[in-house]
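Each in structure tokens, the structures are laid out below.
Both of the next two complexes hold chain A, though its partner changes from chain B to chain C.
Here is the complex of A and B:
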């Protein structure tokens, strides 16, 4: 594993057996994270982004089956495949909260109402860095102050119901950062908050990142937040990454029709044009019994009949560090992929035809 | 962090101090103060119910005497009324009732009647004061009730947690089938079944609580074994339905809590599964069960009457039934009063328990 990398996800698949068939919300996700980098994972609800980040910590629901490789570059022990570990075992638990920690979408329900905030924050410290309660308390209060919780000594002994939503999210960030993790996974951390509080929390996360060499995996469907926070962006659709590249490139020059659609459906302040806000027609199909086809086929304006519904495009590098999975994009790499796929389909068609003939004979 | 020198031992003390934060103490005091007016109200209601049957005791008694061929003069009737205090206003009668029957219990109407008119060949259900009757049955009733409850929770809680953490496993299905069956079977049928099986296997139906020896000498080390043997069926029968119900409710609550977001937070922090279950989920899941403590106490008291009659147990349920049957309203009222007080104590303890378990209760209780 490359030393500059901290996290590498290889061909991640998540399957959920259901009475009606197998649901495959994540269908082969590949991406990497460098040290200290903020990587965005963008997509609509149900595209598999939350499952992907839960898979990193091994905290998916019991009925989820997870395949692939998630390599974490441990600072002392070297590269480790997190998926190979027992999800209830000691090894992965020593990584959760210590090396990789996570903050959740709704801070109001993410804390247990029965214990004080202090108890729940210092629990993380007690699990990973100290056995001394007083020391854990001191570390927690210091971190609470750092994330801007005023009157931290008093707040430490309060219960979640005595906190506001924004303060609870700060408390959750405290809990995630108290052990100084190498990776912070933020699963839509600002979705449930007021816009003004949102900005504060994002600023806070950036600040905390500056102090350490922490990588952030930022899951969101809010492109404004992505532009503000991320170095790199992975656009996810129907359990696959359809476009990946530096945030600036993706914003300036989106290639994939889906990314394009997303960019156009953001309302821009100051635009004078009086027109309806663009929206992508249709909804994300259910990830069950999918044929070999591009996942976006049904909703795509640029679809190529006979190709996009017959073959699934893979991610190809269209420019340094910029990958797209689309047959219809107008660039060299995509055209090459298209030609290859067409040739393959043709060969298959001939094979099928000759088989038919043989059967007739 | 002013106290950097604090040792971890001292911090345990400080966390105990946190535990008894102001709002918790205030809540408990509030709750205890509420206890007394409730009892007063219950006693008034019970007194009212006692007055409900048509006529008063004297007319019932006279009617019975006349049935048996006795002549009762108007003076005797008046004398009896006066001795009961029935000529007094209702509020005074209530006072007399509280004073004589509930407070001292020594001067019950029957007692007085029996002592001052020995020549009356007139049989009441229990010819002694109310407390003597209750005192005879109450210890055994309370023992059985508390022991059954203890047994019920000791068995139900681990089973329910197992069932919830192994949802849809073979064990869970087996437990579900058993608990549904247990909740559905009426206690007295189960009692008869147990007696039958006991007779089939041991040749002894093990009915009744006491042997002659126990009645004469009380329970001692010598006959404790026999006593426990005789108690087995009552415990099984009384405890079974409650255990099944508790398993169902705790299991459902546990499943609810396990799917809460905070378990995911705890897991992401690196907390072990066992600690997630017991520290977070269980403490939240047990909440309704603790709330129901008082109610299940009353259920054990009054709901088990038929079962107790089938098993021929000398506890208060059948006595109450008997008292009601013979319109022995003073005895019935006293028994109901005792039960109400015990249930109130149960509810009080449950409420205090809940306040310990859930800080949100303390909070709203304190601000009331």
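Here is the complex of A and C:
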């Protein structure tokens, strides 16, 4: 594994057996994260972004089947495949919360109402850093001060219901950062918060990242938040990454029809354009019994009949560092992929036809 | 009442009392709404925007104040004072679309029955069942629902489709005013755009007046003609959309605008940091409610509640220093 990388996800698949068939919410996700980088994972609800990040920590529901490779570049032990570890074993536990930690969407739900905030924060420190309660408390209070919780000593002994939403999210960030993780996974960390509080929390996350060399995996559906936070963006649709690249490129020059649609369906304040918003027709299909086709086929304006509904495009590099999975995009790499797929379909068709003929004979 | 207005809210107050604590959820809110307009109401959670909407439809009985409404035959009525019988006739003129399309539809009723219910409640004596069904089908197809699925239950529909059911239910009685309480907040971006477009098309077709309550400033800017900003139960600024976004007069509006994440990584906004959080509405600060968090606070702000005045034509604001401050807004291209 490349030394500048901290996390590498290879062909990640998640399957959930259901009475009606198998649900495949994640269908082959590949991406990388460099040290100190903020990677955004953008997509609508149900596109598999939360399951992807839960897979990194091995905290998916028991009935989920996870395949693929998630390589974590351990600072001392070198590359390790997190998926190969026992999800309830010692090895992953020494990484979970210490090397990789997570902030959840709803701070009001994520904290246990039965324990004090201090108790829940110092739990992480007690597990990984020290066995001494007093020391754990000191570490926790120092970190609480750092994330801007006023009166940290008093707050330490309070219960979650005594905190406001914004303060609870700060407490959760404290909990995640108390062991100085190398990777922070933030699953919609500001969706439940007001804009002014959201701005405070985003600023705080950026500051905390500057101090350490921490990589942040930022999951959100809010394109405005991504623009503010991320160096690199992965756009997900129906369990796959459809476009990936540096944030500036993705916003200025989106290639994939879905990314393009997303960018145009949000109104930009100050653009004075009061005409209709661009909208992507239809809804995200259910990820069950999917045939080999582009996941976006039914909603796409640029679909090619007979190709997009027969073959699934792969991610190809259209410019340095900018990858797209689409047959219809007008660039060299996509055209090459299209030609290849068409040739393959043709060959398959001929093969099928000759088999038919033989049967008739 | 003003001649163009369809709705005038005057000095509306709503207080909730439990035990010895009184929470002023809405304090002294006044504004006019002209026919065919969309009024956006923005503010953070707990600022009283939903309570305001609910007081106007009289789902809550307001503690004080007047809500004047111009009826179809040109009469002016104070909505809050009319008796029960009159109210029943008026209810269908003001309808509401709710935030959560998952909890606002009865899971045990078919979609047809859900959309039909307002008709049954209002026209039981004058309309036959067949007429009602026809009306339901025509409105369902207008909002983009597949009419062959009307016999199904809400669980069979996606979030966007459910919100369309909620819209159809509100529009089936031909209302004049529709209160959209966070009507698109629970939807995904691509579906949100569909529903916003639908709301605008329906507004044109049926000549509707919207009161659009939302915390999402970019949606509000897109859909509204005028915007009111609420803070801790008070309306702090009310102005035409362009004026409010490009030239805000209240420091809270300025801070709120600067906090909006813009979907463009090249745009760098100097954020105006707000100190702390919304104060407890049961125990609001003295003077201007915003003074503890305001970076332009002066002595007067700590003791005196600023009057809500028309600082510029059509631009209302409640700030002592509105005239002298030069606040930043969005630059329109």
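We adopt the following convention: the second predicted complex is superposed on the first by the 361 of 361 C-alpha atoms of A that agree within 3 Å, B and C clash if a C-alpha of one lies under 4 Å from a C-alpha of the other, contacts with A are read in each partner's own complex, and residues count from 1 in each chain.
Convention: a contact is a pair of C-beta atoms (placed from the backbone, for glycine too) under 8 Å apart; a residue touches a chain by one contact, two chains touch by 3 or more.
Note that this is a predicted model, so its numbers are computed, not measured.
Undergrad: Taking chain A as the common reference, can chain B and chain C both be placed on it without clashing, or not? Answer clash or fit.
TA: fit
Undergrad: Specify the angle subtended at the CA centre of chain A by the CA centres of chain B and chain C, expressed in degrees to the nearest 10.
TA: 70
Undergrad: Have a look at where A:137 lands relative to chain B and chain C in the superposition and call it first, second, both or neither.
TA: first
Undergrad: Please work out whether A:261 is in contact with chain B alone, chain C alone, both, or neither, and reply first, second, both or neither.
TA: In the superposed model, A:261 contacts chain C only, not chain B.
Undergrad: Now for A:228: first (chain B), second (chain C), both, or neither, which partner does it touch?
TA: A:228 sits against chain C, while chain B stays out of touch.
Undergrad: Based on the superposed arrangement, let me know which partner A:68 touches: chain B (first), chain C (second), both, or neither?
TA: neither
Undergrad: Now for A:285: first (chain B), second (chain C), both, or neither, which partner does it touch?
TA: In the superposition, A:285 contacts neither chain B nor chain C.
Undergrad: Tell me the contact category for A:96 with respect to chain B and chain C: first, second, both or neither.
TA: first
Undergrad: Once chain A of both complexes is superposed, is A:36 in touch with chain B (first), chain C (second), both, or neither?
TA: neither
Undergrad: Using only C-alpha atoms, work out how near chain B sits to chain C after the chain A superposition, in angstrom.
TA: 10
Undergrad: Which residues of chain B touch chain A once you look at their complex with the stated criterion?
TA: 1, 3-4, 6-8, 11-12, 18, 260-262, 264-273, 279-280, 283-284, 357-360, 363
Undergrad: In the complex of these two chains, what residues of chain C are touching chain A?
TA: The touching residues are 44-45, 158, 160-161, 188-194, 196-197, 200, 215, 217-219, 221-222, 242, 245-246, 255-267, 271, 273-274, 277, 330-333.
Undergrad: Considering only the defined contacts, which chain A positions touch chain B in the complex?
TA: 54, 57, 59, 88, 93-98, 101-102, 104, 106, 109-116, 123-124, 127-128, 132-134, 137-138, 141, 153, 157, 159, 161-162, 172, 175
Undergrad: Which residues of chain A touch chain C once you look at their complex with the stated criterion?
TA: Residue positions touching the partner: 44-45, 164-167, 194-200, 202-203, 221-228, 230, 247-248, 251-252, 261-263, 265-272, 274, 276-281, 283-284.
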